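In what comes next, subunit A is part of two complexes: it sits with subunit B in the first one and with subunit C in the second one.
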Partner chain A sequence: MFSNLTLLAQAPVLNIQLLLDGLFIGATFALAAYGLALVWGVMNVKNLCQGDMVILGGFIAVTLSKHGLHPILGLPVAIVALFIYGWIVYRLIICRVIERDLFTSLLATFGLAIVMAQSMNLIFGPEVTTAESGFKTLVLFDGLVTVAEIKAVSLALAAALATVVIVFMKRSRMGQAIRATAQDARAARVMGIDTDRVYQFTYALNAAICGAAGVLISMIWTIQPFFGISHSIRAFVIVTAAGFGNLPGVILAGFGLGFAEQYSGFLLGAQFQQATVVGLLVVVLVARQIQQARHRRAVA
Partner chain B sequence: MMKQTFDFKRVGCAAASAVALAFASMAHAKVDGDIIILGAAMSLTGKYSANGHNAKNGYDIAVKRVNEMGGVKVDGKSYQLKVVYYDDESTPARGAQLAERLIQQDGVKYMLGPYSSGLTKAIAPVTEKYKIPMVEAEGASRSLFTQGYKYMFCVISTSEQYLGSAVDLKAEVTKKAGKNVSDVKVAFIFENDPFSLDVRAGVEEDVKRHGMKVVIDDKMPRDLNDISATLTKVKALKPDLILISGHEKGAATAARQMKQMQVSAPMIGITHCESGKLISQFGASTEGFLCPTQWDETLSYKGKYFGTAADFDKHVKATFPEYKVVPYQLAQASAAVLVWKEAFERANSFDTEKLRDALADTNMETFYGNIKFSKAGNNVAKPMVLRQIQGGELKVVAPTRWASAPLVYPRQVVAGN
Partner chain C sequence: MSQPLKLAALYGAIVAAGIAAPLVFPEYTFQLAVLWIMILFALTWDINGGQMGYNSLGNIFFFGAGMYICALTQVGLYYDIGEYTASSGEIKIDYTLAQYFNGLALGIVLAAIGCVALAVVFGRVVFGLRGPYFAIGTLGVALASAELMGTWGWVGAGGGISLPVYPGDPDQRALLYYFLCFAAAIATFAFLRWLYGTSFGLAVNAIRDDEEKAEAMGIHTTRYKTVAWAISGFFLGIVGAVFGNMTGFIEPLEVAFPTTTFGIFMVLMVLLGGKGTLWGPVIGAVLFHVLKEVTWTYLLGWQWIVLGALIIVNVIFFQQGIMGWMREKFPERFGLVVDRRTTISSQEDG
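After this line comes the complex of A and B, so read on.
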């Protein structure tokens, strides 16, 4: 670890590489996590098949690119396809568990995650694949910093998508209805909002966001039917750390997670990359507890 | 209340006799008429299903060939081979359950191995417990052969040999160039799983023997598909040799990110090039990668069932046209069936103890290479082969006896990729 620290001190440009990679990766994390925050906050459903929806989006891009379509063009296709998929899944499964207790929805979405992973395995095969964007790599600082153009493009796309979603939530009728339902579902119903429709839309929107994240991930990383779980875990870590009513928090936590992964991978080795993330989550939770305990004492 | 107890007893009796009857009829299941039944748990779904199917195809193709050639002759009578498969869903716990089921319920007495070291590790204790001999072809982990198992035999080279020849090759070219071998910097990037850590243990010894320096020693967690932080270190430390192993995921992730980040080294050794589809997915950026393999169709091995390695290759492609390249995972599975066939004939018996001894005495030549087991049960008669990606094709470069092309060193990195 110390030798790696001195390495960073000797070649400070390496920090740029780590920060850039953290930024690129964090953007896609934040996207999937935002979808989860939405479903969690509005419907109180902890969607354990979040990562599998991401992977499904990725496979759509990979399949299209195998048929000669550029994977970036897979983005709208994946968004629409996953939106419809989310809509159907809500009608079939989620609407039946939404009023039940925590464990019912956890079990239902966990079951769905298994079914999705195995189905993708049957349909797309178990190979580790990747969508080839054909973009080049920029070389800076004598090759010490390399920026794959596709990563920068994904960052821009993720930012654009996030902006669209934010504007939609703020301005549109449906967005307002979603926010109203999140605040108080019963009051929203009294005001004439069809909350069932809101839930359905929210779940489908989340699936669409996941699909978009998946397309980006398939172009910068690798995908495989069983990689969903690690994306689910990341989304949960981010949302737990940020809190679900808090969009800037989700984005910040997404980037923070990206940086934390890169730095711990560099300093401690890849074997600690994820351990650090989960360790950070524990720290955040403990800090929160202490904070809230103080708050409670103050209120009492 | 009285009556109910009585009923319970009756039901209990009936159940017990049913179970006893079932077992009585199963006692013959190992050899059913003129059919010898082999059992295998195989990863037909789940994360190993690609190679699970390769292994199953290998078993099936060899069973078909043996049956076509007159079957197995035991005590003057000819028997046909048949394999009973269960899907272990690529999970070790399920594999162990299925091995119990094959042995206890189905009465199988002769086992073929599952796919992967992890599954083999879960199943071997079960077969040992019941003293059922197993010939396995897909578990290469060295740790399988340090447990003192007596009933397990393995036709493939063990994992610590996978990248060892790459280290030796590096030492050789360094000496030839008149440089000091102890100046060679090595980077290890291995997944944190039994197989890859065994590969690592093997090269660690080789690196030490040559006095090379390990500058990076990172282990990828199972769920991680991002090694860009590790590769940033590679950029800074500029190792002369990078060794990577992490199944298909590790291979694809490394190739993908090395291409994206333009990271390179004069020599790169990486396992699972073929099953990770590196050449078709990452093209010219994989040029010069060294890929270890258990078997290659250009090798001059020969046996009486399939002819030469090239003949086997042709035969598989004719039977399964979907294979453009025949994976070694398929070839070695076929070899395991051939080992069973000869063991039955040499033992001239269906007794598991006699068969175990016959298996231990195996010494045969096959299209897959020579097969002779050590006391621990691993095959010591066949070396690992090293291939290099040259012009988008895999060419054997070591051991020199079988080399079909000279080693290209240092790697010719294609600009812009």
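After this line comes the complex of A and C, so read on.
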């Protein structure tokens, strides 16, 4: 099981490969997790169909690239499509669960996740696919480290998108309204902010971010209709670990999860990669619980 | 007829129907056994989800754990487990009737004990979590156990284990497992009916209504929560052990820890029937099972979409469930169907 550990010790340069891959994939995790942190923080909705929105974005890119449109050009298409999709989902489902207890939103979005995964399975088929970007692969360190150029491009795109979103949240009227609503929805309403519209926009924005993350994942990794749940769990791991008001924390946790998955996949075998994600979820929750218990004792 | 008499007649009719059903419709024995399992699922989920207000998405964990404990006991009693799983079907298990029943009985007992132990251990881990964190945490436990079992070579990893073959008539085997499921479901119902009438039922209801206040009133909440979870684990472990033998082959993702099928059905059935009531889960389970069989037969390929839509509609528009709706509609007639003591204790949440 640990034969690869000695391999790592003999060829430390392999670490660079793992770290790079973790960085590239972690950036997309962080993007999707940021969307979840937004929805969770602003409207207190635990969006369990997060991962399925990611996969939907990926399938849009894959389908467009089959019809000759480059996946990078598919990115704006997926963003707009998912924005509209999020808008509709909010009107149909989410606006009815916001005021309800927490389990309601969890279960309703879980139901939506099942519907989405199965619909994608019927529409796009159950095969594991990837969007062909046609970029070269760079070979470094005498062939020990390979970097697909598209991964670097995707990292840059993820960074650019995150910057746009952050600037939007800081500068624009809508961004300010979103932050005001997150702080105190009632006070925001008193100040004349239409919180329902803010919620609607936030949810649609989250869907758009997921769509963008999905396009990037479809270019650098693989997608399949039923991969959504593991992306949702990743987002939950990251947000729970970082806390939803903590943007740098979300980004760091996203990269951390990327590294953890790459290393466990390399050291323990690919079949452990999935187990690592859910295992980390449990670990993070337990750690938070211990933290809270200490907090409760301190308060008492 | 007076009310206790009517209730007795109702229970008698259900038990009689349960005994007669596989004899009248022998070709549906497996489906009917699954129906009893579904009822048990719903009842055990409701202990935590309905009566105690802790919505778990990972109760299926005990189902799979019980299944594996029982299977390993049955095989390990007379064979080497590692060799058996590694041979991938090369070694054939050939038990006499006595050996088979020894293994099965011991397996079921160990599954029940093992699941109670696991509930106590994991109770310490998950019961500090509240609300949605609890739901996600339990979901994580169930998913993680499925993944870990899938990588553990000694128990057959993703390839699973075949259970010992019943050394007798197949029809007899079907009936045996039907009656085991039937007995488990009836026992669960009877136990919970008694339990909800005791101070334990009141204590878990108090935890649901306001955990801080319950604690302030001197209720040892962690202990009650753990015991409630252990009760779920006990019955789920037993039925998991039985279900593993019923299908004859177990593997981690689809049979033992089916988080997205049985695991979510539990929640859905209770919500459909009305949570926090004794009869709600039973009604929900029966209705859901029939609905599921119909969609699985006539809408193949679309069944999951129908199921997901059902979850959404149920959660958004009909969260009180059938029993909750009836309670609102005909409060005065309610004593007819439901044990009065549970009605009173669970009416407080409105």
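The definition used in the following text is that the second predicted complex is superposed on the first by the 269 of 300 C-alpha atoms of A that agree within 3 Å, B and C clash if a C-alpha of one lies under 4 Å from a C-alpha of the other, contacts with A are read in each partner's own complex, and residues count from 1 in each chain.
One rule holds for everything that comes next: a residue touches a chain if its C-beta (ideal position, glycine included) is under 8 Å from a C-beta of that chain, and two chains touch if they have at least 3 such contacts.
The shown structure was predicted, so the numbers you read here are calculated from the model rather than taken from an experiment.
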(message) Is A:L122 touching anything from subunit B or subunit C once the two structures are fitted on A? First, second, both or neither.
(response) both
(message) After the superposition on A, what does A:K151 contact: first (subunit B), second (subunit C), both or neither?
(response) first
(message) Quick check for you: in the superposed arrangement, does A:I229 touch first (subunit B), second (subunit C), both or neither?
(response) both
(message) Just checking: does A:S172 make contact with subunit B only, subunit C only, both, or neither of them? Give me first, second, both or neither.
(response) neither
(message) Between subunit B and subunit C, whom does A:D21 touch in the aligned arrangement: first, second, both, or neither?
(response) first
(request) Would you sort A:T163 into first (subunit B), second (subunit C), both or neither based on which partner it touches? (result) neither
(request) Kindly classify A:Q271 by the partners it touches after superposition: subunit B alone (first), subunit C alone (second), both, or neither? (result) both
(message) Can you give me the overlap between the subunit B contact set and the subunit C contact set on subunit A?
(response) 118, 122, 229, 233, 269, 271, 274-275
(message) Using the touch definition from the top, list the residues of subunit A that touch subunit C in their complex.
(response) 46, 93, 96-97, 100, 102-104, 106-108, 110-119, 122, 229, 233, 236, 240, 269, 271-272, 274-275, 278-279, 281-282, 285-286, 288-290, 292-293
(message) Under the stated contact criterion, what part of subunit C meets subunit A in this complex?
(response) 55, 57, 125-126, 128-129, 131-133, 135-137, 140-141, 143-144, 147-148, 150-151, 158, 260, 264, 267, 271, 301-302, 304-305, 307-312, 315-316, 319
(request) Over in the complex, which subunit B residues touch subunit A? Could you list them? (result) 45-50, 189, 192, 217-221, 223-230, 232-233, 235-237, 248-249, 251-253, 256, 259-263, 275-277, 281, 416
(message) For a test of understanding, state which residues of subunit A touch subunit B in their complex under the given definition.
(response) 4, 7, 11, 14, 17-18, 21, 25, 118, 121-122, 125-130, 132, 136-137, 139, 143-144, 146, 148, 150-151, 220-222, 224-227, 229-230, 233, 261-266, 269-271, 273-275
